[in-house]
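Next come two complexes built around chain A: one with chain B, the other with chain C.
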Partner chain A sequence: MNALLKPLAPVLACCGLLAAWQLASLGLKNDSFPTALDSLRAIPPILTDKESLINILASLRRMAIGFALALSFAIPLGLLMGRSRSMAAFFNPLLMLIYPVPKAALMPIIMLWLGVGDISKTLVIFLGVSLPVIYHSFEGAKAVEEKMLWSGAAMGLSPGERLLRIVLPAALPEILTGCRTGIVLALITMVTSEMIARQSGAGNILFNALDMGQYDTVFAMIIIIGAMGICLDAAFEVIRRWLVRWSEPQFDMPLSFS
Partner chain B sequence: MRTKLMLAAWAAIALGSSAAPALAQQTIRVGWTIPAEESKYWMMKRPTEFPDLGKTYNIEWTQFQGTAPMTQALAAGALDCATQAPLSLSNGVVGGGLKAYIVAQHVYEKPGGFSVYWAVKDDSPIKTIADLKGKTVGISVIGGGTQGPFNMLLKQAGLDPAKDIKLVEVGFAVSEDALRQGRVDAVNMNQPFAARAEAKGGTRKLFQLSEAMPNIVHILEACRADFVDKNPELVKAYVRDITAGMKKALANRDETLKVVSEVMKAPVAVIDTYLLKDNDFGRDPVAAPNFPAIQKMLDIYAETGMLPKLDVAQFKHPTIVAPIQ
Partner chain C sequence: MGVTPIRPGQLAGVPLGRRPAEPIIEIDHVSQVFKTSSRRDHTALSDISLSVEEGAFVSILGPSGCGKSTLLYIVGGFVSPTGGTAKMKGKPITGPGTDRGPVFQEFALFPWKSVLGNVMYGPLQQGIKPSKAEARARALIAMVGLTGFEKFYPKELSGGMKQRVALARTLAYGPEVLLMDEPFGALDAHTRTRLQNDLLEIWERDRKTVLFVTHSVEEAVFLSDKVVMMSRSPGRIREVIDIDLPRPRRREELLLDPRYQKYIVEIERMFDASGDNELPS
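Coming up: the complex of A and B.
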């Protein structure tokens, strides 16, 4: 019975959520809270409209660029901080200062510096992703056993080689946990970066619909963005498991559909 | 031979680099928002209708959430031209050091046409503005363009806008819901939401902004003064197209409905309930700004303490202003 229920659990959870939403909407009779069915009905017109798809792809492109740039910056920095006390002492206060600031709140300022185009939005995504990845890379690198590094040094590895061949693989499970958080934050900042100024993007559809009071489209976009998050998370989880299959715990609490 | 080739290559590079700034100037960075900018929507969605657009100059369109962020973007030089409300533009001048020209006008409150109004429920005991004392009143943007005339009407009715009512921010899109569910006692309504609420019934108009003054200008087109002074011909071409766009929008309502529907992603049936009808805002046939009306608004903002005294003449360019034919 358990074996049968396990794969169905996410589907049942979704159905339960949709049923609760449907009942709540019918009960509240509020124009700004459409029923689940109305919202689901609004999805196909969005996904079959060429312009809407171009908008969604434009957002995903910015998100991919911001995410890639963030990883290429945050992982080396986090590893260095984890293995160098002076690096950690220099960057930690700065990061602690920036960490709690909502990155989307920086958008108006960034917009004034870098204009209203893609660079500003990509920078907001970059900032959103960088911090958790730095933190997890830092923690991962810090936890590497000294004995392993001594062994590496004894075998003639340079500091750079030790970082690349010992610290990076050992910290990888923790780094990938940061990346997983980073994906979610990339998705959030991707949408919020389009809130104030936009030329294209998923936020374009969402916030236009909000301005026009088309709440079925608003909720349809929320579902689409949520589904994008689930798909990205599932895809990342496949990659993560493949990369760190050696470190998998025996029992893992499922946090996503993957 | 080799030297000649090198010289030719350098000459080509030099020519290219000297031409590059001139070409770069041919793009105007324009901010826009929804709703009520039909001439710009035509330029966006029907560019082939405008002979110069895409040929002698280009537009880089960026959509904004309201006029205030566009004021900041203009002041920072991130935009060249943008939709503005008289208040947001003036705030940019006063607080942000912005220098700009009003080059065209999008919509205003024509006598007999739609005027932004405050609605109450049919069964509400509120019958006059004075009855708002102690009530919760919704406004689309606190400190926004409608608040000046609104404050003035409250004062005329003997109410202190700061003390006698509880003012809360309620976006136009959710104002009908907020009123029907009793979250506010009165709320301001704008199109297309007003038409939708009126069709459903159960609400009534308490007062409208035109009671404070006629011909209120809601949104206009402004361009940075330094950009206009540096690129007069380019801005002229842009204003010429805004003039032409307004003419097209008014001349062909059926097509305008389609254009607006494409921009707003709203069904034509919804837009058809109000757009370019008697229950819509007014549009000058050639998008000409009504400077005396804007001055009157600036005076109201000064009277209600929202702005220092300003002269509209500072926003007027001697030649670059709609209509440009």
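Coming up: the complex of A and C.
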């Protein structure tokens, strides 16, 4: 019974949510709150419209670039900070200052300097993703067992090799935990950046529809963006599990759609 | 055996139990003072001098906290002493090197590597061809009795198996000196006995120099040519005892040997006579 129910649970949860939405919307009879069915019906036209698809793909491209840049910057920095006291002493106060600032709040300034194009939006995504990844890489590197590094040193690994070939893999489970938070943040900053710099993207479709009172399209876009998040997260989780199949189960994350 | 001898024929012709008295490790008036958080300095090692002959099996025995690990770390080059010098083959030790292979009590295996990957790590690092490195690793894995577990990750192994992998991993890169820190401390009595026998067999085969830290008097006497007894606060060498028992040693024979029993009783009595009563066996 339980084994049967487990894979069905997310599907049931979705159906339940849609049913509740349908009933609430039918009961409220409000123009700005379309029914679940109307919203679902609005999805295919969006996904078949060339213009919309170009917008959504542009969003995804910015997100991928921002995410990749953030990883290639944040992971080395976090690892260095975790292994070097002076690096940590230098960067920690800096990061503490940036940490609580909502990255989207920097958008107006960034737009002022860099315009409303791809560069600004990608930069905001980069900033949003970087911080959790730095933090988790830092924690992971700090926790690496000293004896493991000593073993490497006895085998003749140089300090640089130890960072790359011992600290990096040893900290990988923790780093990937940070990356997973990073993916969700990338999606959030992506939409917010497009909300502020309205020019292209999934967020742009959503807010244009809102301006024009096409509420079914608004909700359809929310569903599409949500589904994108779920799919990205699930895909990442599959990769993550494979990469850290060697690690102790304490890193297993029960909160997952995959 | 299929194991590639790391220094072939090096000890050929040397009669068992009697080896040339050439010091490979010299510890010269070494002391180690740690700064503690309670602002008082703590002397972990005070004026330690010891020389270890090439090919000797030397155990370091002493109460908890007397600085046994610290001494081993100094020889390994992982910690530099605050006073005195340690030398390997006449050269001052300034850092870790492949000539000294540590086996830590915590195993310190690479969890992302399989058993085979762990054992191959050192040889690959030395630039040995992968096919050759793998052959050597497989032979060592067989030697420590883990054939069939090559593809296992460390998390899938028991404590005793991890300890065997750690030993094989260190042997794989051919260090001249093995530095073993309570390698069997965390194991159950049965596994411990088995690993002692295995280690002795391996050692009697290729006679590496071994520095072996232990809490157990019996273990020290069973394995060693020489037992170094340490006392605590500050850590000093109290006594160095030569263990003059025939090799190859076999547990069943030794247990019936009055000389073996005498060594154990003698050493335990020495510990009892001092204030250092805290000697878990």
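Some notes on this structure:
Assume the second predicted complex is superposed on the first by the 251 of 258 C-alpha atoms of A that agree within 3 Å, B and C clash if a C-alpha of one lies under 4 Å from a C-alpha of the other, contacts with A are read in each partner's own complex, and residues count from 1 in each chain.
Please note the rule applied: contacts are C-beta pairs under 8 Å (C-beta built on N, C-alpha and C of every residue); 3 or more make two chains touch, one makes a residue touch a chain.
Since the model is a prediction, treat every value here as computed from it, not as a measurement.
The superposition on chain A brings chain B alongside chain C with room for both. In the superposition on chain A, contact is made by A:N204 with chain B only, not with chain C.
By the touch criterion defined above, A:S32 lies against chain B but remains apart from chain C after alignment on the C-alpha atoms of chain A. Residue contacts after overlaying the shared chain place A:A64 against neither chain B nor chain C. Within the superposed three-chain model, A:W150 lies in touch with chain C and out of touch with chain B [touch as defined at top].
Shared-chain residue A:Q214: touches chain B; no touch with chain C. Legend: residue contacts after superposition of the two complexes on their common chain; A:L112 is shown touching chain B, with no touch to chain C. When the two complexes are overlaid on their common chain A, residue A:I98 makes contact with neither chain B nor chain C.
When the two complexes are overlaid on their common chain A, residue A:V184 makes contact with neither chain B nor chain C. The larger set of touched chain A residues comes from B, when the choice is between chain B and chain C.
Superposing the two structures on chain A brings chain B to within 47 Å of chain C, judged by their nearest Cα atoms.
When the two complexes are laid over each other on chain A, chain A has no residue in contact with both chain B and chain C. Residue ranges of chain B in contact with chain A, taken from their complex: 29, 31, 34-35, 60-65, 69, 72-73, 76, 78-79, 172-174, 176-177, 181, 192-193, 196, 264-266. Chain contact summary for the complex, chain A toward chain C: residues 145, 147-148, 150-151, 153-157, 166, 169-170, 172, 244-248. On the chain A side of its complex with chain B, the touching residues are 30-32, 108, 111-113, 115-117, 195-199, 204-205, 207-214, 217.
In the complex of the two chains, the chain C residues touching chain A come out as 76-78, 95-98, 100-102, 104, 106, 108-114, 121-122, 125-126, 153-155, 169-170, 173, 175.
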